[in-house]
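What follows is a pair of complexes built around chain A, which joins chain B in one and chain C in the other.
On to the complex of A and B.
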């Protein structure tokens, strides 16, 4: 377990140590709470992306969906809890339907989700044309929870990593998920239904994206269709840093959580290093490349002549 | 009786070709526009102008996608922006600098494309990540160098891209010409056959002595060049290069390739489908505009149309996808 996750641990230490040196006071209860607050929503989105990538698909609409969920939370959920819940649950159903279509008609998930991303942003800007909204108090309170001794974000993300670990590595369903990603024919031969796996996995992608949106709304107390635009890339990068692969079958729950934290902390580190906001997005892209380069050097074995 | 069946058969086999559908859809949308608008021909001309940009960008994206599963260029939007900005800055609103500015823009696109492939090849990272990460860097460069200003094109460039010949925009004719040339290159040249071979089976292509690295390097570079040319023409057309002028091209470049009947899994390209798909998508945008729908509803409907067409297509085209 530790050996497998050596890269994500290294990459998070690589950003955490400079932060600790630049701002020693961050390493306190309140400091860590503030530092890792924004990591919670991205972690959930990364877990969502991890499920999609486990079966060899990629969801390119996660960032837009998370934005939509903040708008649903700010506009519908705050006025009518029942209606808001129905709206959120119907998103999960839509995702399950899309998963079914992707499997049955052998569609490219990238294209379908790109189409979806238009729809999500369209609905979101209809609900909430400009950033704002009124996030229900119970969501906000949940993410301001002052837990004893250990800051809430750390407990939250540890629990998340554990739950996802149990789903993916300790349940029969998890074996099927990884099997569909690794060798779908073998799963079919063994008498299982890849269709069911696709439907459930896409349901999970939708569910975790929704949780991510609620967390983002809770942490930022605002609804904004475009707030989470970067989540699509950051979630993919988080999964890859965490040791997941694009071809499916290979994932790590703890790795994904650590990868998401790294992606969040990179932004903080750049701010602490007084790097101008202009340069930040480029620096983030650069750091993704460096981490991936290191990971490649670590596990590169044998010469590959054609890529 | 005989004749009728053969006509029907011919029609049916035509309809089975994926690339025909966007054209049919485009005609349907145009008829709808004619119903609601008195200036339908003007709308068509405007759609053709914007569709030309989709065509150019789409061809570049198609080349990359054709080289096999996972290959995709997500840096197109910021390549468009950066090369447009660099070109306009070089031109400096002076007509005689247009050619050198165009070259500068194309060079920028080629460099970005080359960088994309080097990242993919040297770090062996998935193209999706490599091109997105490099697009972050490209975007930052555009922000830092140009501070979000709009840089105006020389007057002659604006005039040139707005010229109409017999009702057809000049850039549309240019785009069609490029499409015809690219279609010929793809089906007849060594390069064209190489990228199909690589897309169908990269190992077999490598074993049969195709220089995979060189072909893919060239492909990513060409994609950057197509984006750059689009950036320069677009800047001339909309009256200035801006930071976000390429934003919508990430989605649309992929959409026109897939709607046009190319396989997203690679190995099967289709240039003429891109032309139809580009026309169709831009006619839809214009139709929704005429109907007075806001940007939100337009987004929703565009997205639903893309999904609906892909759902309807399905199976036959994507059969090569591994599963």
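On to the complex of A and C.
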């Protein structure tokens, strides 16, 4: 487990060590809690992306969906819990339907989800035209939990990595998910239904995006259609830093969690380095490229054996 | 004896073309049936109907004497019909035990991995002693031969699901001769007597040694069904309708062995006097790489191909490469025949910066004649051709290029006898024009066409054979 995830561990240390040097006080209970609070929603979104990438697809609407969920939480869920829950569950059903269409009609998932992303942001801005909203207290309280000894975000993300690991690597269904990503023909020949896998996986993508949106609403206590726009690409980068690949079948749950943390910490590091906000996005991109390049170089330095 | 499957007057059409024509066949319990025939004779279609991949156009399929309504892959699985596919059907990113679980969902519960591993090793050890597969390794990390052995073993693994008829479609195409013999021995001697098999192979000797009856197919029809013990190879070849029966060996004279130390006409020569890396290739020479599969032949080809960075050899590059695994490494599946043929020769068909379609087509049509491709138009998609013809296109692609050195990685894998002969002819003709070849082959018959043969074992050259010493016995002696 540790050996397999050596690259994501290196990536996170690459950003965590400078942070610790610049601001030693961050390495305390309260410091880590603050530092990693924002990593929780991104981790959930990255896990959602990981499921999509496990079967060789990519979801480019995750960020917009997360924004929509914060709006549903702030506008509908706070007034009518039943209606809010129905709205969120119907999003999962829509995702399952989209998964079915992508499989049956052989549509490219990138295009379908880019299309969807406009729909999500459209609905979200109708619900909540300007940032604001009233996030239900139970969601906010959940993410302000003071756990003993270890800060909540660390416990949360460890538990998440473990649960997802069990789903993807230990369950029968996880084998099928990775199998579809590796060689869908083989799965069909063995008498399984790729259709069901697609529907279920896209259901999981929707579910984890919704959890991400609720977490984001809880952490920021606000609803904003555009708050999570960069989640889409951050989640893809997080999966790739975590050792996943675009071609499908190759994913790591702990890697994805660490990748998401790396993505969050990069932003913090830049703030600590007193980089002006208008330079931050560019610098963030640059750091991600460097991290990816280093991890690739490490990976390729091993001797390649031809059969 | 009880028959488990019966085909009655099966017809199958694809659009207007008839792939199967009134095929009738009975398979008894425990019987091993060989099916032989050229590419396009209808073997694959027949298999696909038995496995339920697609239905017959007309005719009846009876299992245990009963007609099956809504017969499909799932139904076939339930009835215990299993297939070992020619194109490997494993997930490379999953481990051996996980792949097993995909096929046998009943292996479940606590410690299923350990039980799956025991099952897999049990069957692998009994069919292929010395296979060297770890059940927890990722399939993608196994050699091609190992993957094939696991693929075969998987079909013989019995769990709750019945296993009654196993279809082996070119099972030995990626196996070295030793493993292939293990398989035929297993089928003949120690197979479960209740399991029936269908054995499809281009290697006639193999079919004759391990089957009970041989079905000869031609143009979608069963020409004859012969008992294997008394069937004669010549007779089968005649019935398959090979155009050249009898004097099959192409006339071929070896280049007289030159003294390496004096000749200056090297295409490949060793950089150091290292014994393990001592391969030399002269201009116009065909050099064979033999030995058991996966013993370093492909790595040598890769090293020669990467001529600028080769540590052990001085090579007159660039070399051109013909892959045996054409689906993955050879063809561009969405391109036309023309485009596939001219990818290495853009300098010849270019007008300034753009490709000239007329010249491109001229090149393609020139080769269409030389290598004998039957197609209405060279603009058709490459996949409209049979596997053997696709392979010939890859030859045309490489021979049209100006490279002095052609590297071949088992280029006749899964190709029918007639196409093989054409490929040999193409090689001989190109050789006469001073082209050099390095040829990794898993088929003993092909060493006939080599001027010198290097036998590999555990990544090293263990023997160099030239002239009359190039014989099957010599190679086997060096490899074992």
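To be clear about the criterion, the second predicted complex is superposed on the first by the 300 of 307 C-alpha atoms of A that agree within 3 Å, B and C clash if a C-alpha of one lies under 4 Å from a C-alpha of the other, contacts with A are read in each partner's own complex, and residues count from 1 in each chain.
Convention: a contact is a pair of C-beta atoms (placed from the backbone, for glycine too) under 8 Å apart; a residue touches a chain by one contact, two chains touch by 3 or more.
All values derive from a computational prediction rather than experimental measurement.
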Who does A:93 touch here: chain B (first), chain C (second), both, or neither?
neither
Examine A:121 and indicate which partner it touches, taking first as chain B and second as chain C; both and neither are also allowed.
first
Could you tell me if A:112 is touching chain B, chain C, both of them or neither one (first, second, both, neither)?
first
Mind telling me which of the two, chain B or chain C, contacts the most residues of chain A?
B
Going by the contact rule set out at the top, does A:284 touch chain B (first), chain C (second), both, or neither?
first
Under the contact definition given at the top, report the residues of chain A touching chain B in one complex and chain C in the other.
305-307
Complex interface listing, chain B residues touching chain A
70, 72, 119-121, 123-126, 128-130, 132-137, 139-141, 143-144, 202-203, 205-206, 212-213, 216, 251, 254-255, 258, 264-265, 295-304, 306-307, 310-311, 314-315, 318-319, 321, 323
List the residues on chain A that touch chain C in their complex, please.
172, 175-176, 178-179, 181-183, 185-192, 249-250, 305-307
Sites on chain C touched by chain A in the complex
73-74, 77, 83, 85, 89-94, 98-99, 101-103, 105, 108, 143-144, 294, 298-299, 302
Chain A residues within the chain B interface of the complex
58, 101, 105-108, 110-112, 114-123, 125-126, 129, 184, 233, 236-237, 240, 246, 278-286, 288-289, 292-293, 296, 300, 304-307
